[in-house]
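The next part holds the structures, each set out as structure tokens.
Below, subunit A partners subunit B and then partners subunit C, in two separate complexes.
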Partner chain A sequence: MSTYKIPVGPLHVALEEPMYFKVEVEGETVTGLDIQAGHVHRGIEYLVAKRNIHQNIVLTERICSLCSNSHPFSYCMALERIGGIIVPERVEYLRVVADEIKRIASHLFNVAITAHLVGFDTLFMQVMETREIMQDTKETIFGNRMDLGANRIGGVRYDLDGEGKAYLAAQLARMKAPLDEFRDLYETNGSFLRRTKGVGVLPRADAIRLGLVGPVARASGVDYDVRRKAPYVVYDRLDFDVQTLADGDVWSRTMIRLREVKESVRIIEQCLRDIPEGPISIDAIPEIPAGEAIAKSEAPRGELIYYLRTDGSDKPARLKWRVPSYNNWKGLQVMMAGCKVADIALIVGSIDPCISCTER
Partner chain B sequence: MKYLQAVVAEGLKDAAPDRHKIEFRTDVKGVTTAWCVLDEKDDLLAVARFLAEGSARLSTITAYSTEKAKRTGNFEIAYHFDLDGDTLTVSVHVPPDGEVDSITSLFDNADWPEREMAELYGIKLRGHPHPERLFIDESLGDAVFDQYIPYSTMVNAATTKGLWEKVIAKGKGKGEGTP
Partner chain C sequence: MSFFLPVLLRNLLKGPSTEAFPFGEAITPKKLRARISFDPDSCALCRVCARICPAGAIQFEKKPDGLEFNLWHNACVFCGLCALYCESEGLHSTNDWHLSHLQSEKYDLVERATVKFQKCTKCGKQKMPAPLPLMAKLYPGLPADEIERLRAMCPQCRKAETAPAEGEPS
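So, the complex of A and B:
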């Protein structure tokens, strides 16, 4: 049988962000994949070197929408490390709350899109409706549905009083019954299982070889979560299970995210219970000396690493970050080998890719 | 921390004896970052080799030219490795027309970050299997981080008009008429 090359993308491959795939097919079967990136390269790594350290909190939050909070959060941690700033304990809890709310909304979005990609649009609508509880929560607590503007150097820019805590607890409680329902549906629905089980398989050895991270790696049995391996803020005090599955297929990646949503709900509930009274920021920001630091966090898509180098001025000498999607694209070459053309979009969606993050 | 120190100290002894500086910092949570500067950039492959054998994962690579580096004309390249949660940063200095060894033979995922530092800073790679552009369009020169380039030119899909002008020009060149 002769082989053909078909272009997939750059627009509307599973999501409304541009990435161009040159797919080699033999009949209906994929035999090769070439990824062409660069459609939304915005040069943000250049821009951050032209702005001062405070302006960059605003700019880094705009690298990505679904993991927007992870960027200023990690950037602030890197700055605080260089400046020797110890943040108040209450800040550490509030930072966890903001980050986990974003994780719930991000994971549920992908879980919903996966249902849409297999043509199960009623389930898509139901999951999005439940996700809307978190969107409402963000709007109520932070004033925004996507960019929270929660972080500042040495503190946070929001607080939870008694009323706020009760509201958040009630919103989390509203999610529990639908989440259990979804778990049952995604675990047992025949048509969903037929489209996702054994599809887009990524073996553990390949996940390690390619340095994949986050739910994609954990669905292939790689037990790595930054919150556990390199704890930051108060994650070392919180009780949560790192989710792993062995099969590395589209179904496993979806289930990992669904399970992590439940863990995030648990984490926020513990924060609401344990959060101490105290200030939400340090009094004055000291001068940031020359130095360098690494800050890592577990963004919704996996390990996010920030490298910051300062020279004593108010602008970073170099600020570099690597988002989890950046590594995960390479996994597609393994996942797609031998798959059917009809599964391409589904497999692309299953790595929960973020292109604006990848290209910056 | 112990794992990191043991692996790194032992490996450096063979890979770059007396040609490196190393510093360890551990935070209140017990997470360690190690900072290693190699005197010779050509020791990089040997260092990367023992890290690959010690099951390190390459997190990312940062290339930069700081103010001081700009005066001397050097680039600094920092390779960030994850060792079970701890991070080791290995830095090398590369002169402006010098080359640096690609570590793609040891770390598959070095492919993209190496191509990115080549297109952003014009750093030359030795032994990269396919050193093409990653994000930046071929029509732009090397080292875009040192130039002023308008946003609309920078992105591949510039504007509808610009894109069609390219398509028309290409079509004319082939004698196929205008689309």
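So, the complex of A and C:
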């Protein structure tokens, strides 16, 4: 059989964002893959060095829409580490609430897209409708459907009073029945299982070798979650299970996200129960001395690392971040080896890639 | 199948989940961060907002009698930082998101007002305005007419006025 090279992307009907895949095929089977990035590079690492530390909270929030809270959150943690700023306890809880709400919305988006990619659009719409509960919540509590604007240096910019807490609890309660229905459906629906079970398999050894993170790694049995391994804010006080599955296929990755959504709901409910009274920010606008720091957090797609160096001025000397998608791209070469052309878009979607994060 | 039958039934009874906008109202939460409003009477011309705005949407222009405040709605990213850091209630996030306009009107979508310099009632020198919200924060508990009197003065005269007299505890 003869070998062909087919281009997928950078603009392609089945891809949500621009990335260029050079796929080698033999008949209908993929034998090789080359990935080329660079289509949405915006030079944000340069731009942050031209803006002051407060402006960068807004800029980092706009690196990516789905993990838009993880970026300013990690950035603020790095700044606070350099400045020796201790944030009030209430802030730590409110930061967890914001981050977990974003995780729910991000994971459900991918779970829905997976249904869409296997051609199950009715399910896609149902999941998106349930996700809409979180979108409305974000708009109501934070004032925006994507960019929460939750963080500031030394604090947060939103508060939950009695009414806000009750509203959030009610919204979470509304999610529970549909989430259980989706779990049953994704676990038993024949057409979904046929398209996703055993497809795009990433063995555990490869996940470790390539340094994959987040739900992608956990679906291959790698028990790694920054919230558990290196707890930040109040994650060490919250009760949640790190989800893992053994098979490493498209189905497992979808199920991991669906299960993590339920864990996030649990986490927020605990926060609502345990959150202490107190200020939501430190008093003064802080001065940040010269120094350097690293901050890590578990973004929806996995471990997000921020490195920040300051020189005592109000602009960062260097800000560098490694996003989870950067590692996860590598996994595609293993997942796609031997797969069918028709599964390419599905497998790409299953790593929940964030191109705007990777290329910034 | 068993999942979709109730869904189908519910959808038939309930109608679409999407909002009927523009034929019906779109849900707009109170806290929605949308159009920024500017109140020239509450502006102290400190220009913190222009420094903090990540989008460069706020600009001040020199005029003979004051500074002209310009906020370009089309450049604004609705982050709300300006309203957060304005100490004087000069800027507020409103939930008015109706910003669609014709291409020909794109340069009209600007919040613009000139904030005038003032004359100190004591020494007569030109001074920056001292708006009420800011003065109320600086001098908590002072009676309203006293604040009115003080805010008509320049900072130096104000300091001289409010400094404790010799021998008096401060």
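The rule is simple: the second predicted complex is superposed on the first by the 354 of 360 C-alpha atoms of A that agree within 3 Å, B and C clash if a C-alpha of one lies under 4 Å from a C-alpha of the other, contacts with A are read in each partner's own complex, and residues count from 1 in each chain.
Keep in mind that, in the parts below, contacts are C-beta pairs under 8 Å (C-beta built on N, C-alpha and C of every residue); 3 or more make two chains touch, one makes a residue touch a chain.
Here the structure is a predicted model, which is why all the values come from computation and not from measurement.
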Q: Classify the contacts of A:K5 with the two partner chains as first (subunit B alone), second (subunit C alone), both, or neither.
A: neither
Q.
Looking at A:A37 after the superposition, I want to know if it touches subunit B, subunit C, both of them or none. Which is it: first, second, both, neither?
A. first
Q. Which partner does A:K176 reach: the first (subunit B), the second (subunit C), both, or neither?
A. neither
Q. Should A:K50 be classified as contacting the first partner (subunit B), the second (subunit C), both, or neither?
A. neither
(Q) Touch test for A:G149: subunit B only (first), subunit C only (second), both, or neither? (A) second
Q | Between subunit B and subunit C, more extensive residue contact with subunit A | A | B
Q: Answer with first, second, both or neither: which of subunit B and subunit C does A:K197 touch in the superposed model?
A: neither
Q. Touching A:L210 in the superposition: subunit B (first), subunit C (second), both, neither?
A. first
Q.
Looking at the complex, which residues from subunit A come into contact with subunit C?
A. 51-52, 54-59, 61-62, 122, 126, 129, 132, 136, 139-144, 147, 149, 152, 157, 181, 184-185, 285
Q) Taking the complex as given, what residues does subunit A use to touch subunit B? A) 10, 18, 37-43, 45-46, 81, 208-211, 226, 229-232, 236, 292-294, 296, 303, 305, 307, 309, 311, 317-318, 320-322, 326-327, 329-330, 359
Q) What does subunit B use to touch subunit A in their complex? A) 27, 29-31, 33, 35, 57-60, 62, 64, 66-67, 78, 80, 82, 84-87, 89, 107-109, 111-113, 120, 133-137, 144-145, 149, 151, 154-157
Q. Along subunit C, where are the residues that touch subunit A in the complex?
A. 3-4, 7, 17, 27, 29, 31-33, 51-55, 77-81, 84-85, 93, 95
